[in-house]
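Listed after this line are the structures, all set down as structure tokens.
The same chain A turns up in both complexes below, where it pairs with chain B and then with chain C.
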Partner chain A sequence: MSQLSEIQTGFARAVLNAKDPVPEGVESHLRTKPLKRFGVYRNNVYVSLVSVLEGRFPVVARLLGEDFFKATARVFVEQNPPNSPVLMRYGGQFPEFLEIFEPVADLPWLGDVARLEWAWNLAYHAADREPVGSEALAAIDPSTAASLHAEFHPAVQLIRSVYPVVTIWSENSKDGEPDHIDAGAGGEDGLIVRPGIAVEVRHLPLGGAAFIAALTKGKTLGEAAEAAFEEDTAFDLQANIAGLIASGAIAELRAG
Partner chain B sequence: MNRIQPHTGSSPIPARAGVGFKPEHFGEILEGRPDVGWFEVHAENYMGDGGAPHHYLSAIREHYPLSVHGVGLSIGADAELDKEHLVALKRVCDRYEPGLVSEHLAWSTHDGVYLNDLLPVPYSSETLARVCEHIEQVQDVLGRRMLLENPSTYIKFESSEMSELEFLRAIVSRTGCGLLLDVNNVHVSATNHAYDATAYLDAFPYEHVGEIHLGGHAEDEGDDGEPLLIDDHASAVADIVWGLYDRTIARCGPVPTLIEWDNDVPAWDKLKDEAARANAILSKTSVRHVAAE
Partner chain C sequence: MQSKTRKISSLAIAGAFAASVAAVGATPVVAADDMVKCYGIAKKGENDCKAGPGTSCSGTSSVDYQGNAWKLVKKGTCGQVSTPAGKGSLTCLTTRPSGQNYQCG
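What follows is the complex of A and B.
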């Protein structure tokens, strides 16, 4: 191993592990192994990454409160440091982490709220594409509608939860005190879209998520509608297609 | 490959003050079209596929010259450069045709982990060889000359064999790269390691400086109660740094100068004032005393 490689291995390890001593060969003009100076690097790494997570998961941060969020995020950073300098990709494992992180075990819906915020981030940076407009709905021939396939806009994300995740998210995304939310009020599904540059989160009607999930797998409108009926017999095919188009979720409708 | 050739289509960066672009100022900039010479962005923030960041930057680029500043290439690492990241940097440069492209004399990735800080290197012949290899690779892939920024450091290495200036001079002579002189970093490092910032600046190879950075720092204390400055880009440029900048410009003539304020980002007017202060110093001298390549 080269000397540089050895130095950097020791330096990186000591930066990540706060209890490690200052590495050999590190000095100030006044002493060897200056702990406080070395601590500047430790602090920079953790504070900056915690701040990235705070910006990416603002609702989770609000729900936990600043200090508790920062302590939680720090443990996450210790266990899952980023593997890319492109930090917009950092934090995808945070939802799963929250689901097994003991100190937040009394907030079982927190993982899904984080999942929604991560999906929001993916949608924000997704590729641009012009979604189809209302003319596409008018152009659907009822006799062949069931055999159509839908291609979704690159930003589209689907969130399914056994908790009222869309309500929790929207109540805590707005200014002012959130309304009281009954976390046991039943599950919600959300659709995340970004037809232009603004990300929108929509609460899906019953059966809507099953419909979208089936379309995503390449099923036809007819097949996807059947999957949706199985989940909820009140599923309204026409309203769901119209809703998807109106929200800018569909990039293309095509036969075969 | 000719590395000195600028990209066709890129607008050259004028020898005036520029400002680090922040999305929160987008509306004001686009509506008011402030008289700012140019903008700079961190390359990594524009490595996504689409959406608002590219929408904003494309609009800015239509009206202003742009400089691209990388923060994640880890040029000072012993390990090979991340080829995927280098390709992503090239994609940003191809898309936005920046007048200048710069990176740091630092490392940030080790063993697949990105540490999100600009970590220091020992100034040894071994590091020099590695850094030069990496810079040549960057210049080959981008097909252009890059600028390398002098670091802010809080510690030094027993294994260093030369001064920072000797190290920078050797890099320039081996790779043909240019230098980004961060005057705040000079003040921070000189204070932290108890050397004279003016002597460092007076000996700086100005003929290779393509850009200057001015940012804020925070004051702390080291292990023995000695002054320790932290480069945090979270406040206005300090008066002492303005003084060093004035001295620098008097010696080297006007150079594109960036106001760098990345954390606790202030209102646009505050940045505009900082830029005006830099322009006032830049306009005191009109002749570039030493020719930039």
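What follows is the complex of A and C.
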């Protein structure tokens, strides 16, 4: 007689491996191995996980078309079963999977589109926090601005891509036919914020991502501005600070 | 080791900071308490919460404008929202003018 945990492990393995036989302990009233019935169970597990991915990556699903997406997602589910019982955490490896999945090799930007959608999901489920308000900002002496440290809102996500990922995403997340997009038009960086309850995806200006990345690493406003100028001399410091504050990306600005 | 030459003076940063704070001013960010639950207006899978029995909250509505799925909207605007399936409502909708029925319980 097997231990319960062994039966459960064997059952779980058989559910996710379509070629495995019906697991030990699973019998029908006819005392035969119910291969078809177990197949129904197995299929329900796949179908529900595929539909989780479809809901989480709607733009990737639209770009690939329903049938192709479902077939792709099924292969992903086979190779990456959930490792958490919380479904909102499922699908984090999907972007990397798309980058090495041979049938979509001619869509090299697809992984970054999925990455943006995953970041959207993280922002959606992130903790609530009030973004920095005008009173707190007014209390800061501008002459100390260069040494300020920024604490970001928990929902903030940064996306950097060598493809026009923000345009691809936004054109395909609205109703109607997307505009023509030149995938070779150059890279785009995006900032994902959720100051209240609605997730927003913003296209960052030149140097903006380097600025935010430096601030995230604990650099001061002055150091981050230098990092941004180093990446792109067209970096507009004033517009970037204003953009970060107005978008609700910053939770707190601290001295020193 | 010689420290790196600063390309941007702290004065320039002070100026940019002051100007951007002034530019942002008092941008109102809609707070959650200005929002109400509005039933019957969410598109499929875009509800903020509540749908039929057996579902677990947000993003689970399975048809457009499902009567028992709500979306947060700004206070005072819910009844003004018209959808092809009828107007939005502050309470759960068991029936819609389109003839569909939903479980509210």
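The definition used in the following text is that the second predicted complex is superposed on the first by the 239 of 256 C-alpha atoms of A that agree within 3 Å, B and C clash if a C-alpha of one lies under 4 Å from a C-alpha of the other, contacts with A are read in each partner's own complex, and residues count from 1 in each chain.
Just so we're on the same page, a contact is a pair of C-beta atoms (placed from the backbone, for glycine too) under 8 Å apart; a residue touches a chain by one contact, two chains touch by 3 or more.
Everything quoted here is computed from the prediction, not taken from an experiment.
Applying the stated clash criterion after superposition on chain A shows that chain B and chain C collide. By the touch criterion defined above, A:35 lies against chain B but remains apart from chain C after alignment on the C-alpha atoms of chain A.
Once chain A of one complex is fitted onto chain A of the other, the partner contacts of A:213 are absent, as it touches neither chain B nor chain C. One of chain B and chain C touches more residues of chain A, and that partner is B. Of the two partner chains placed around the shared chain by superposition, neither chain B nor chain C is touched by A:181. In the superposed model, A:197 makes contact with both chain B and chain C. By the touch criterion defined above, A:107 reaches neither chain B nor chain C. In the superposition on chain A, A:27 makes contact with chain B only, not with chain C.
Looking at the shared chain after the overlay, A:136 reaches neither chain B nor chain C.
Of the two partner chains placed around the shared chain by superposition, chain C is the only one that A:245 touches, whereas chain B remains out of contact. For the superposition on chain A, the stretches of chain B under consideration are 171-179, 225-233 or 261-269; the one running into chain C is 261-269. Of the residues of chain A, those at positions 128, 197 touch chain B in one of the two structures and chain C in the other.
Here chain A touches chain C in the complex through residues 55, 58, 128, 131, 134, 137-138, 140, 142-148, 195-197, 221-222, 225-226, 229, 237-239, 241-242, 245-246, 248, going by the rule given at the top.
Chain B meets chain A in the complex at residues 44-45, 47-55, 71-74, 77-79, 82, 85, 88, 107-117, 119, 121-122, 124, 126-127, 130, 154-159, 192-194, 220-224, 226, 228, 230.
Listing the residues of chain A that touch chain B in their complex gives 2-5, 7-9, 11-12, 15-16, 25-32, 34-38, 40-41, 44-45, 48-49, 52, 81-88, 123-129, 154-155, 194, 197-198. Here chain C touches chain A in the complex through residues 6-8, 10-21, 23-27, 29-32, 35, 45, 48, 59, 72, going by the rule given at the top.
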